[in-house]
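Read the structure below first, then the notes.
Letters A, B, C, D and E name the chains as they come in the text, with residue numbers starting at 1 for each one.
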Amino acid sequence: MDFIKDSFISALYLLVSFDPDLLDIVFVSLKVSFFSTMLSSCIAVPLGFFIAISSFRGKRAVITVLNTMLALPTVVIGLFVYSLISRRGILGVLGLLYTQKAIIIGQIILIVPIITTFTISAISRIDHRYRKTAMTLGAGPFLTAVVLLREARFGIVSAVIGGFGRVISEIGISMMLGGNAKGFTRTITTAMALEYDKGEFVLSIALGMILMAVCLGINILAGYFQGKISE
Amino acid sequence: MDFIKDSFISALYLLVSFDPDLLDIVFVSLKVSFFSTMLSSCIAVPLGFFIAISSFRGKRAVITVLNTMLALPTVVIGLFVYSLISRRGILGVLGLLYTQKAIIIGQIILIVPIITTFTISAISRIDHRYRKTAMTLGAGPFLTAVVLLREARFGIVSAVIGGFGRVISEIGISMMLGGNAKGFTRTITTAMALEYDKGEFVLSIALGMILMAVCLGINILAGYFQGKISE
Amino acid sequence: MLYHIKNLKKIYKGRTVLDLPELIIEKNKIYGILGPNGSGKTTLLSILSFLEAPSRGTVFYRGSPVVFSEKHLHALRQEVVLVDQHPIMFSTSVYKNIEFALKIRKVPLKDRCQIIKDVLEQVGMLEFINADAKNLSGGETQRVAVARALACFPKVMIFDEPTASVDKSSQLAVEKIIQELYSEKNISVIMSTHNMVQASRLVHKKIFLLNGHHVDSFV
Amino acid sequence: MLYHIKNLKKIYKGRTVLDLPELIIEKNKIYGILGPNGSGKTTLLSILSFLEAPSRGTVFYRGSPVVFSEKHLHALRQEVVLVDQHPIMFSTSVYKNIEFALKIRKVPLKDRCQIIKDVLEQVGMLEFINADAKNLSGGETQRVAVARALACFPKVMIFDEPTASVDKSSQLAVEKIIQELYSEKNISVIMSTHNMVQASRLVHKKIFLLNGHHVDSFV
Amino acid sequence: ADDEKVIKMSTTTSTQSSGLLEILLPELKKDTGIEVKVIAKGTGAAIRDGMDGNVDVIFVHALERENKFVEDGFGTKRYAVMHNDFIILGPKNDPAGIKGMKDAAQALKKIAIGRFPFISRGDDSGTHTKEQDIWKAAGIEMEKNVKILSAGGKDKEISFIYPKGSEKWYISIGQGMGKTLTFADEKQAYTIADRGTYIKYKLGRDQALDLEIVCQGDPVLFNPYGIIPVNPKKFPHVKYALAEEFSQWLISEKGQKLIADYKLLGEQLFYPDAVK
């Protein structure tokens, strides 16, 4: 277990040294993951909400497809987006490939199904009388949604945190669409993969520990605000 | 979009040709993912249940840590398990590295936090009166748990499906701990990564499509049984 | 005429739980719906408050047929408010639960506090204004639900067994509120109850339901 | 002596909702708990049925002090069953809801159906045996909950406002059940109610609660 | 099946992707009965696998590190198996004007002077090491960004070496060969690649690379592959005998002929080194 100890010491060392290269990749990781999660939530939470409350033909089929999309491998997403935004793709002129925007696009495809599915399951569990109560008090669709989302907040926050965890720890899409270009699109995870390929396991794990430390910080903050809100 | 079309045709072709190599990797993928998901669920569902229903000091801290673990990158898990089971590690004598068992161990670490978190959020939403009703009818801890799990089944099934989707689409751990050895530990995703490395993008996507087809089948089955059960 | 129901049926999985060839409910009256358990009272009240669509038939509200699609119902629901048999409180404070109805009606912020205090006063729950609505006792919940409905200033108030779990003195308070709604504010009231004495004391017209059918009276 | 309560207090967030220096409940009697909304009836009944622990004080059950830890409570809960004010049905059929209690008591499979039919018959809900328990009306739910409790064959039955949403004839049926529990099966009964007439007709001893305190009677 | 005759080999992804192993291994099985479990990864990680005793034999292309591996006692002996060669690639219009040059160092120098975009693998792989050697040979001033990490008492040095003042045009992506090619193609930049991967990406796909060979044939660009059985003195559990048998087979006449005859899309990729 020396290996883990070494990694831990290296991680600490890297952290306290405030290495600018390190700060740079941490910043890129956070920025990209933050935007992916936010944009995905803006799509997925309303979508999940809508699917949960409405009853339409083929609802079960939609849920099955979403569940299947939970298994979408990052390579598939990466290649799919690649084929769209590469120089020869239909969106090639935008020059998106190997930019942070490209990573964000791919990651959104990755986690929209995740957040949607878990939003559906959070909303479905809410007693239907909440909805009826809101409606009889005169709430329109929007306020009714607010009520249900508030009652399901624990599940929805879980879904969003789950999505965030997924993107910040994700490697395939960041690598394929971002390209791991040093100083541009290198994230903590792609840097880890690089060190791993080099056989620098200690450094790779050290980076992983930094990632975990950053996430822990974010989760403590989030937990604190959630506590505030639910009071 | 030719690229997607080509891949689709290749996927179909591969499927109808019943290529034994292909069947083999599909089988390995399914087997490994199935065991990972089952074993993880056996740990995570009771664990999540227990955390959700009990109130103890530090509960919030435990949830924060679990949320953080959602962001555990596969490289970290891979290296961690590697350091344990590699010949020099404390479990080295077992010769687990580059076997399917190694993949399963890594994947369990990956999804236990996922399934646990979503089980917690599913159980927490259940009105506490369900628990009281079961208890007053004389149910012991076990049957009370069964009641709550049944009421939260939609969320728990979602959690398990989410876990399955995560492992079957996962590349890093399978690659690092399984080694992508043909005929032994090659899964659909590591095969995809290999084809991608070779530049065989079409084949890679075709494999991805087969993966999605397999998952769709499993989800349809699962949906069907869920429907049966909830009747 | 407030409501005019024609050939209305409500069917759950093949079972007809409500079957009303014709029913008329007039304006500015207090109606009492009576009937044994499962006779369809709650189902009828849900339809009258536009929360559920009938399986068949037409409901006329103030002369025009009601289109049971979310878009059209929203305006109607602003006029009619239902107090449920087992009311649900949102998991916020009592104050915020009532404020919700005021927000929807765009009551200015400065007036809200006063209105909330007034309605809570009427049901004798003022001291609970900042309590956590989820933790109220059975009767307290029912009374806050009445207050919350009062804050909606509706044209029609529908109560589903409003005094079932309410204590004696609060029961009188709720009955007084119903009286006043009718006499001072010209609000039509429709309520269900199992308490025949209460019905006789309070309502102008009784509707008897039995197995989903409208009957003249019970034997 | 069935229960002996000493210096019991229940405190929620600093507010004392129950404060009973001493209270004795005897065997084989029907007790009625009376009091306005929020006086602590439900809280007291939860403690008596071992579902909630008091914040302070001791409860003696059949002479021995109750240790409020899950391990010890399980055996006690087999003897005492509570019918909630707003009962919860598990999301299965009515049959399965009742069968749950029988399973716990290891009643053999072949006897179960008969018992279930018997108890449903007693509350007049036999025709709903295969209905989806979640979709029952308010009164139907309350009656099935009574049936489910009967299937537990307890030594003590605790009812929280058992007839609040129940129609007239079912109310009489439930009252008859309570009578029989006491007279034929030697089961002790504790019930809360807002209906003073019902209490006078049914119970042997009344306990009056006011703001969590035990009082001799109301003014 | 015959579990006794299965050995594990770690190798670099390029060896696996070239398709050569798919020709060699079935023949090996026929001749000797040995089955090889191939674990492909980055050069560093592959050597690391040998150092940890996780495999029985390693088959890589990083001469210096291979020698060190043997010196340190992790491997018994390095057998030179074959080599292929690196090529410098660039966009069709060749803005640096190096097409046809033979001297790799001079070619890179032109790129550096003109500040034309260049994609570096940046992953300490054999290719990357080679690239750095050529920069040095070209006399380009290199900047070295060194970090010292102290881990477990031992100081550890991490260095990033790049041509001086190259922030704008020198992009280090830390990825495998294929991805580096794709990246260079996308950015229409210069890069160094091994011939095998280039052929695959140029001739083996519908959407061929737009990049062309601008410089080849310089002996400095040769890329030797070696096979090393893991030392049973260090790791008693390794199947040394089989690993040695495999190595011998590879440098036997039969093995070497198979290598020489292997053609990818009509082009020879590897040149046998053991038998002339």
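Observations, loosely collected:
Quick note on the criterion: a residue touches a chain if its C-beta (ideal position, glycine included) is under 8 Å from a C-beta of that chain, and two chains touch if they have at least 3 such contacts.
Here the structure is a predicted model, which is why all the values come from computation and not from measurement.
Counting contacting C-beta pairs between every two chains, the top pair is A-B. Of all chains, the one whose Cα centroid sits at the greatest distance from that of subunit B is C.
When subunit C is fitted to subunit D on its Cα atoms, the angle of the rotation, on a 0 to 180 scale and to the nearest 5, is 180 degrees. One inter-chain figure worth recording: subunit B and subunit C are separated by 49 Å, centre to centre, where each centre is the mean of the chain's CA atoms.
The distance from the centre of subunit B to the centre of subunit E, each centre being the mean of the chain's C-alpha atoms, comes to 35 Å. If each chain is reduced to the centroid of its CA atoms, subunit C and subunit E end up 79 Å from each other.
In subunit D, the residues that reach two or more other chains under the touch definition are 86. Residue positions of subunit A touching 2 or more other chains: 127, 193, 196, 201. Among the residues of subunit E, those in touch with two or more other chains are 41, 176, 179, 207. Every pair of chains that touch is listed here: A-B, A-C, A-E, B-D, B-E, C-D.
Looking at the complex, you find that subunit B touches subunit A at residues 1, 3-4, 60, 63-65, 67-76, 78-80, 82-83, 90, 114, 117-118, 120-122, 124-127, 152, 154-155, 158, 161-162, 164-166, 168-172, 176, 188-189, 192-193, 196, 201, 204-205, 208-209, 211-212, 215-216, 219-220, 222-223, 227.
Those residues of subunit B lying in contact with subunit E across their complex are 2-3, 6, 86-88, 92, 95, 97-98, 175, 179-182, 184, 194, 196-202. Looking at the complex, you find that subunit E touches subunit B at residues 8, 13, 16-17, 19, 37-41, 52-54, 176, 178-179, 181-182, 197, 200-201, 204-207, 235, 237.
Interface residues of subunit C facing subunit A in the complex, by the touch rule stated above, are 46, 49, 51, 70, 73-74, 77-78, 80-82, 84, 86-88, 90-92, 100-101, 103-105, 148-149, 152. Every residue of subunit A that touches subunit C in the complex is listed here, in rising order: 127, 129-130, 132-141, 143, 147, 150-151.
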